[in-house]
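Going in written order, the chains are labelled A, B, C and D, and every chain counts its residues from 1.
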Amino acid sequence: MHRLPLGPLYYEYSRHNEVRLRIEPGEKVLVEAEDAFSGQVRTNQDRRDRKAMPYGNPQTGPIYVNGAQPGDTLGVQIHEIRPSIGQCATRTSDPKQLAEWIGTDCPHGTHVCPIRDGKIYWSDEITIPYRPMLGCIGTAPDTGVPTTGPAGPHGGNMDIIETGPGSTVYLPVYVPGAYLYLGDAHAAMGHGELSASGLEMPSETIITVDLIRGKTIPGPRIESAEEIMTVATGCPMERATAQAYAWLILWMEEEYGWDRWKAYDLLTHVGRISVGYYAIGTVAAKIAKRYLV
Amino acid sequence: MHRLPLGPLYYEYSRHNEVRLRIEPGEKVLVEAEDAFSGQVRTNQDRRDRKAMPYGNPQTGPIYVNGAQPGDTLGVQIHEIRPSIGQCATRTSDPKQLAEWIGTDCPHGTHVCPIRDGKIYWSDEITIPYRPMLGCIGTAPDTGVPTTGPAGPHGGNMDIIETGPGSTVYLPVYVPGAYLYLGDAHAAMGHGELSASGLEMPSETIITVDLIRGKTIPGPRIESAEEIMTVATGCPMERATAQAYAWLILWMEEEYGWDRWKAYDLLTHVGRISVGYYAIGTVAAKIAKRYLV
Amino acid sequence: MHRLPLGPLYYEYSRHNEVRLRIEPGEKVLVEAEDAFSGQVRTNQDRRDRKAMPYGNPQTGPIYVNGAQPGDTLGVQIHEIRPSIGQCATRTSDPKQLAEWIGTDCPHGTHVCPIRDGKIYWSDEITIPYRPMLGCIGTAPDTGVPTTGPAGPHGGNMDIIETGPGSTVYLPVYVPGAYLYLGDAHAAMGHGELSASGLEMPSETIITVDLIRGKTIPGPRIESAEEIMTVATGCPMERATAQAYAWLILWMEEEYGWDRWKAYDLLTHVGRISVGYYAIGTVAAKIAKRYLV
Amino acid sequence: MHRLPLGPLYYEYSRHNEVRLRIEPGEKVLVEAEDAFSGQVRTNQDRRDRKAMPYGNPQTGPIYVNGAQPGDTLGVQIHEIRPSIGQCATRTSDPKQLAEWIGTDCPHGTHVCPIRDGKIYWSDEITIPYRPMLGCIGTAPDTGVPTTGPAGPHGGNMDIIETGPGSTVYLPVYVPGAYLYLGDAHAAMGHGELSASGLEMPSETIITVDLIRGKTIPGPRIESAEEIMTVATGCPMERATAQAYAWLILWMEEEYGWDRWKAYDLLTHVGRISVGYYAIGTVAAKIAKRYLV
């Protein structure tokens, strides 16, 4: 297994960065990543300092996958996501999207939560099950360099809770070598990531990166033990929802032999939506695998 | 138990309609309702005839709740939702929201699905668990008369899958007697109700209608066995999501003694979203009751 | 000329209200209307009291047009809009849509502006040309009763600045007699009606109401001296813009003999958009008549 | 006057490209640019070939402005925009945003329009006044590299019709030298750029580039002979409209000494909106300079 230690913090999915690791398809890698706060919050007293570090969600990468060519697809199996320092941290801040209903006198709300025995100690009374996921994972586009703020066809800041251990994330390859990046691990996350700060943790993620040659996908796909799902981003979320479902229909047609109109009908009755970071309209449309037969 | 048999099909949540049943708070009622197609689709050969019946989602009601006054809240416990004729029906039609990705040559797709032994027979190979819910339930506003197309603070066409047996739906009272309506039962439904036609069935719904005097709520709330949730509607869905979460925070504050900013923080990590009919941006924001202690 | 004096203030486009005036097609009417504040603001000291009067934009009507049948179209020529009391009033309040950028400590900002010699005296230094328009004009739908808050296919709270003297507003007829309502005059208005309170004035509007039998339109149309335009409402405004342009294309095809694709092309180069009340996404798509030949 | 001849076609506002011209603040430059079709459409028989060239709106640049530092502002005066080859071209294609209302059997609609004597010969019968403008103008961000598809705080594909001769466009400087790009000239354009293809022309644009040191602006500003305006982009357009107006208020406060709440009030009555490419929600909020005194 390769190990990609923490290095420069990248805030873009860029083909211009120097490659940090070259692997063969099918190889396993342990990737160290800083948390979404760029490590600025390690104690309850720490504050997010936007002057010193205006961007969020630093990525580790790029990983160059030998032989990956534009038009191929990466399949990134996530085996494990571990907290690097046994804790995660979160903060609240001015809830501008909710200000109309709950006001704006929000305390900074930085707090650190220990992680032990599969539990996150959010407060003295409340523990949350440890259900880690990657907020960000993506490849580098061939035109345009997305920041780690939004998500897009390249992946990026999707914040889909199903991006966790046991899942495989499929991503389009746009440039030779694919240039894979990941980061922004959360110890757990709610649909929508309401305050925009999850339970952010520096992380060690173990992945296997497969290459599916000659297979082209229009945007990210995720397969978990129970479900397959497609991820779309865009505003309004109504449109992202339509697009994610349309992409799921096309996946069912293309790989599972479904008639698209029957898939369209069935999803009306059994489809599920998993909402990512809501303010940028990222959603996953899902179907249980048991229906795909 | 009262029985409210099928009567005139109403397509509005109107205070102008003649009352069909008067009950005391706490009484139980069995309500018969036609399906969302106004009964036009009973066999695979039937078609939705929009000339004869341009509107959808006919409602049964109004039920007048004695003593209900503007500013009060109804609590409608749903005990059971039964298929009246042992089947449901669905149809596909021009998928205008998805046309960009999957085209427009959609066959009409009317088909009837028998319901037996807790299963919906969608095709020869595929059965779907019977998980009935009410697409529509609402009270009459004091100004404006919403149709049964959209949802709103009065309830209406929310299409939230949690509106089923075991749940209590809380609705604002705007006019004396509340004027409760319900209909549009689905034998099962996916998030978003993709094609806009669920597994539509004529139904018998058994409810108990409680009255919470002097309690004013800003929009629909639902309590299931495991969760509490608030429903907001509006476009873009990003805003409805924000509003639903804000209302959930205020509910946690008001009835469970939570500090609003701590609720805001916690929901970031454990909140869930249930998407109703996606094209009109209806969503429910939820939290598991075990966190409310 | 008929005169319809101020009467009950209606806050709905309702077919349930008692008719206040019956006219023949082609007749002229002077309509008195209260301002959008229901007359609560007559001096700089007055405040909008939402407890006493929660709704805005009271309408005068309904006017019953003899012979008007569902499927017909009304053509309402606006000849003149006069201030009833020689002044208008406006107010600012919590700018919730703009709070993110400019904060929330907005003073109430009620002020009354005299109207004289074709000018509105907004302050000691600044006068604004008197360019009156009707914020609201609409007919009663046959299902659903819209409030005077939003706009829709029936017209309603469109807030399009071209709805003024010299223009003809075309509205669909949904119920026998059409049930025409109008109100919410502004002495002048900016695109978008930013603060939601224009230069509101009690008004006398002189109109001629024509009836176009057998002509069915999908939503409001306006013809001014120089332009024709179609009005669409909905969120996101991107969609309303698309819909308004599509309706304009269909109008060009149907009445001016244009090929729809050529109209689509031409509008790309010469079309104009007039934004109504922006928060509800009302827009008019326009073309200069000189291109229609 | 410098001359920047046509060179590599860039489809990104990138700080990674090699500088093509270095100028001192206040210098004049003639910039040659290819049309939005990358020159693929020169005759009525030509077609846009997306396989050969998937991107649109190629830019000429970057221009390095000596001394420009992050936090400064460029002021780009546009003196003249000339057609390089005496013609422009447009095309229609599948109107996916309008398909719901007008269908999808749109002919390709490529056609070339001669430009002579201040007129564009759109057809045998119809001429359109020559009112040239730049669809795209922008600087390079320091993080992220936007493509020439959308607009943003850096400028980009704004498609605001006021970006023409006589106007000055103010743009934020994010990287040393600013890295100015421009292109995508239109011989004329309607609000919204309905079909997404304006009257596209290869162009020669004469500009003077001024540098305002120590002046930081949050996004593009435009000053024409009669008006000042701010440009915001984002979906839904309702939000972009709010943001553009908010930025205009702040500009009035900061440079013209207005109280922000009085500006907020005044814009309600006299503000105007100019809609850019509607599908990505770009709008300019405007006020006539005569009110600014």
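Here are some notes:
Definition applied: a residue touches a chain if its C-beta (ideal position, glycine included) is under 8 Å from a C-beta of that chain, and two chains touch if they have at least 3 such contacts.
Remember, predicted model here, so these are calculated numbers, not experimental data.
With every chain reduced to the mean of its CA atoms, the largest distance from chain A is reached by C. Taking shared numbers over all numbers used, the chain B to chain C interface scores over half, which places it in the same class. Between the Cα centres of chain B and chain D there is a gap of 47 Å.
In whole angstrom, the spacing between the mean C-alpha positions of chain A and chain B is 32.
Multi-chain contact residues of chain C (touching two or more other chains): 100, 235-236.
Residue ranges of chain C in contact with chain A, taken from their complex: 96, 99-100, 104, 235-236.
Those residues of chain C that touch chain B in the shared complex are 11-12, 14, 16, 54-55, 143-147, 149, 234-236. The touching residues of chain C, when paired with chain D in their complex, are 90, 92, 95, 97-98, 100-102, 106-107, 109, 120, 122-123, 125-126, 128, 188-199, 235-239, 241-243, 245-247, 249-250, 260-262, 264-273, 275, 278-279, 281, 285, 291, 293.
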